[in-house]
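Both complexes shown next keep chain A, but they swap its partner, so chain B is in the first and chain C is in the second.
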Partner chain A sequence: MATLTSAAGQAISPDNSKKRRRPRERSSAWRWAILLVAGVYFLVPLYAALRFAGLSGFKDVFTTPGFGSSLWLSIRLAAVTWIVSMLLMIPTTVYVHLRMPGLRRLLEGVTILPIVIPPVVLIIGVLQVMPLALRASVWLLALEYVVLAMPFAYRALDAGLRAIDVKTLTEAAGSLGAGWLSTMWRVILPNMRTAVISATILIVALVLGEFTMASLDLKQTFPVWIVLFDQENAQISVAASIFALFVTWVFLMLITVIATRQSRRTGGGEVTLFTVAPQQTIGN
Partner chain B sequence: MTANANETGTAAGVYAPPAAASGSGEGTPVSLRNLTRAFGATKALDGMSLDIAPGELIALLGPSGCGKTTALRIVAGFEYADSGEVLVNGKDVSEVPASKRDMGMVFQSYSLFPNMSALDNVGFGLRMRKTAAAQRRRKAAELLEMVGLSAQAGQYPHQLSGGQQQRVALARALAIEPHVLLLDEPLSALDAKVRLQLREQIRTLQQRLGTTTIFVTHDQEEALSMADRVGVMRDGRLEQVADPSELYSRPATAFVAEFVGTMNRLPGELAGPGTVTVLGSSCAVIGPGGNGGAGSPPIEDSGPTSGPVDVLVRPEGLTVAPASGGNGIVSGRTFLGAVTRLAVLLSGDTEVRVDVPSATALAMAPGTSVQVGLPPAPVLVASREK
Partner chain C sequence: MADTTDVVTTPGSDMDPGVVRRFPSLRTAPKPVRSLARYAGIIPFVAYIAIFLIVPLIAIVVGSFQNPQTNAFTWSNVNTAVHGSYLHGFEQALILSLIASVIPGVFGLLIAYAIYTARGRGAASLRRVVITASGVFANFGGVPLAFLFIASLGSSALVTGWLSDIGANIYNWGFSLYDLSGVALVYMYFQIPLMVLIILPALEGLRPAWREAAENMGARSWQYWRYVGGPVLLPSFMSCLMVLFGSALAAYATAEALTTGTIPLTSIQIGTFLNGNVLAGQENVGKALSLGMVVIIAILMVFYILFQRRAAKWLR
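What follows is the complex of A and B.
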């Protein structure tokens, strides 16, 4: 949820109230109207939740049993999911771009599958076939999340790679004596930073908000805890979810701002969630 | 436009390079032996052989798809040959990976690392060679100074113009003191004026450092003005390798003749051994059976020996003068500065281009009846086209 709000806010708000007069002004009015409607749509439930939780809800949330441990579990899961995703997806996308560009379309199709298949189906299938040891471990969930995050991670990384000339950069580095590890570490990765950060944002937001799989896997992640605790004390539960929303939002904003600032310095694009603005090259 | 005599054959040892920025001193000999490379059914290289002298700048010239870039990429190690070998300093480097070949390369597209400043870009190769940071920075600064970009050392590629980027790329390629410098159409993305400046700069620098250089281009002017020798390629083979002036005046094949410079085709008739009748006069023929020039290479080994042929003549090889009832009519006039190029329509629907001094051309507006003639100099002939 948090991602969607920040994405919408980012995509619509910046630099549309420019100088030129008539047609621009009218379209700008439209934009503001849409923004307003969208804002009301998102903010009213938030406001209602705030009203419902009240101050006391917020006071008690941090000391409620299960709050800390479930949040900590979700954060660890996000971290592991991120690490596994990056280790898997970065080399894959780079390799496909360099050596098998013809496979890009196929890969795009394959990576979209987790979106097409409902998470319920996925997790139930996995639980059927996994050995007990793995089923008991919380890390099975991280592996599941890697699959779930794949469409987003792949798309973000792919967009980032398309914005740079991977082949020429790789060859340039090679001719200067860099092995593939140095090329990757010093040339490709730094120029994919924006894309990596986009992928990170998506993965973190996904893991912190995922409920279905965690619930069916009987692991008490933060969203699962919120739902469970809701039956005990709805006020605290709502307060917890608002808190989670806020934390996620602050975290994502922070990443976006830092990443954009760094990428500006080297001429990269602005960080948005689904695209990476291509690098501008000045003509002659 | 034509070959510049003083730029040919003087590459090696023109100037002793400064110690810190020296290339490999006297330069490195490079040989391509019988290189063959096929992509599916198309043969990108079809038995290409070429010997490059130490310190020589050789241009590979040809239309797109002729295999020149493939040849360069095989030398660089980015591409492999199906058969044949590349010898650098007499050693076959076919098994050596690109990163260990010590070849500096400048690419057609901008290839600077966007995340590094100009200085760090230039220093990258030295960093890969584990050169100490201070020394690396000093050397990189030196090279940037050599390409005239000291002031831009701290800037990132996106802050540099296209020409500046290619100069940094050149400095970066030279920083590793490469055995061979490989230039893959480095100027083609630049605008005309920058291209001209950079062309001279590359040539000067290359001569100063004495680095053996292979320069791939489809721009004949670039090739002729920069290279010690030019290799004209077609369908994966070298049609001719020669210094620019020879290439222009003694093309070995009709393809070379027409690819390099402007060439007219005039219908002629082989009148006897080594003689051709064209425009009403008879001329000696360069080539098989011809007596056109001592030691000149024969034109097209399987070339015609009798019957109708095309005679190949450069625009400056024809004469033209206004004449009522002449053999042609001026159909176009292009002012090129000192000379003006006239298009003249001859009987039989042949159009020729003739260069005349611009002052003379004033008298020959389009529509003027003119007499086109051929001075009695040896000419090239080729099989009749169409």
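What follows is the complex of A and C.
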């Protein structure tokens, strides 16, 4: 656009184009100033945290009591959340795609709800209505994480289903004599492998980082442990935080790589992190 | 031969053959039943949402108007929630959300505009780097983020030390990482990248042709922004601000990890009701506060939709 206008300006009168060039150069300096401020704001805290934790912080964090058990709890919660999410969401999205495409908008709306309702509000209602046995168990958290992860899981699975021709695949499988289960397991699932992997990573990243519900439900997951530990040794808390950020970052990069590969295969557009991983307000 | 007669005489044989095969008993069912049976496939999903999302939400609404001892209807929870320290909590939460949405909104817009208008060598890779980084930083919320800032801007941390070395003792100037100003600064860490990501599509909707047309008619840069670019972009910008405002309002983990619950924000106050530090008779005030928060977010959503609709007029 810039070259176009300056060329047009030159064609009319050379004087005019000189007048226009000067403000453009100034606006370029403005651009670098903005990006520099942003760079400082985003990178300095990372640097300071690395300095603060030091090598000893990173060495100690893995042997600190509670590190293993809280991380293990978070991993188990992620696994259960993943299993329940997949059992619930894959058949539902496939069914809606095949039989009731009219419901897709409604489903989209419903699955947005967990983003709109703050987790701190949801947990207060959950602890009110759930039976004591469930409240005492750690698995209540996993069951609620299924709800929190639903927007991301649904979006990923829906995108995956839209990329393949489910109807033709199902009809082909049906005419070859396959039943529902067999069609699902041997035809549809293998075709939406990347969507399932994306959903999996999103779920795992969300569960490993979720603090609000876990802390209010008094369960010592990994993020809750980081905060509890701060009172004794801030250095270890910071080291554990950097560890957690690093893990999240690796997960997010993994999704981008997978989605890019899928998009290249299906001829889709450019993939950015945002198109596959809408911001997780839930973690904040 | 027998097969043929069977098909012809069966009622409902005009149905999709696939349906007949999978639900043979439906063959003879009346039409309303058949159409209802189609909903069977989404029952597990609907039931799950009902149990783990809808019922808890209803419990909050009902509980807001109940006396915790007698379960009788009362206004006292809502009344308590909008007075005294809880009113202060709402005020603080709204102020914080305002600061942590307007400043990141403007700054995010500037960054998005900077990368959107960048031209020449390296512009494409600059855009790529900024967008990817935004995706990562927008997801860096919660507990780890709080500790990142404690390590850099805590009262005796690295950056605080640098600043006081050059004579800028920010803690003497009224800044503290552990009050509203600090929490707002930390929220910007995930709000700015979020703004970059959600405003970029709107910027891309500004047609270069409009600018060229304005320049051909002799408009200066400020005139273009005042009469063309600004009015087109404003609804999108406002709807993005609604998203940022809601995101700041709902945030809990960052503020809690940073201040261990010492600042009076509504989300933190709701949390304290679950930690058990509650006066007798006020057990349901937490639910009334939650209801208040849901009402505020519902209002934001309405404005969001209105601004979006307005923005859609110009952008595709």
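Quick note on the criterion: the second predicted complex is superposed on the first by the 202 of 284 C-alpha atoms of A that agree within 3 Å, B and C clash if a C-alpha of one lies under 4 Å from a C-alpha of the other, contacts with A are read in each partner's own complex, and residues count from 1 in each chain.
Basically, a contact is a pair of C-beta atoms (placed from the backbone, for glycine too) under 8 Å apart; a residue touches a chain by one contact, two chains touch by 3 or more.
Please read all numbers here as calculations on a predicted model, not as lab measurements.
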item: Which superposed partner A:125 touches (first chain B, second chain C, both, neither); value: second
item: Which superposed partner A:191 touches (first chain B, second chain C, both, neither); value: first
item: Chain B versus chain C as contact partner of A:171, first or second or both or neither; value: both
item: Which of chain B and chain C A:182 touches, first, second, both or neither; value: first
item: Chain C versus chain B, contacts on chain A by residue; value: C
item: Residues of chain A at both interfaces, chain B in one complex, chain C in the other; value: 171, 174, 279-281, 283-284
item: In the complex, chain A residues that touch chain C; value: 1-5, 8, 23, 27, 30-31, 34-35, 38, 41-42, 44-49, 51-53, 88-89, 91-92, 95-96, 99-100, 103, 107, 110, 113-114, 116-129, 143-144, 146-147, 171, 174, 180, 205, 209-212, 215-216, 223, 226-227, 230, 234, 237-238, 241-242, 244-245, 248-249, 252, 256, 272-274, 277, 279-281, 283-284
item: Of all residues in chain C, those that touch chain A in their complex; value: 18, 21-22, 38-39, 41-42, 44-45, 48-49, 52-53, 55-60, 63, 107, 110-111, 114-115, 117-119, 126, 130-153, 157-159, 187-190, 192, 194, 197, 208, 211-212, 215-216, 221, 246-247, 249-254, 256-257, 267, 270-271, 273-275, 286-287, 290, 293-294, 297, 301
item: Chain A contact footprint on chain B (complex, rising order); value: 76-78, 97-105, 107, 109-115, 124-125, 128-129, 156-163, 169, 172-173, 176, 182, 190-191, 194
item: List of chain A residues in touch with chain B within their complex; value: 164-165, 168-169, 171-179, 182, 186-187, 190-191, 193, 265-268, 279-284
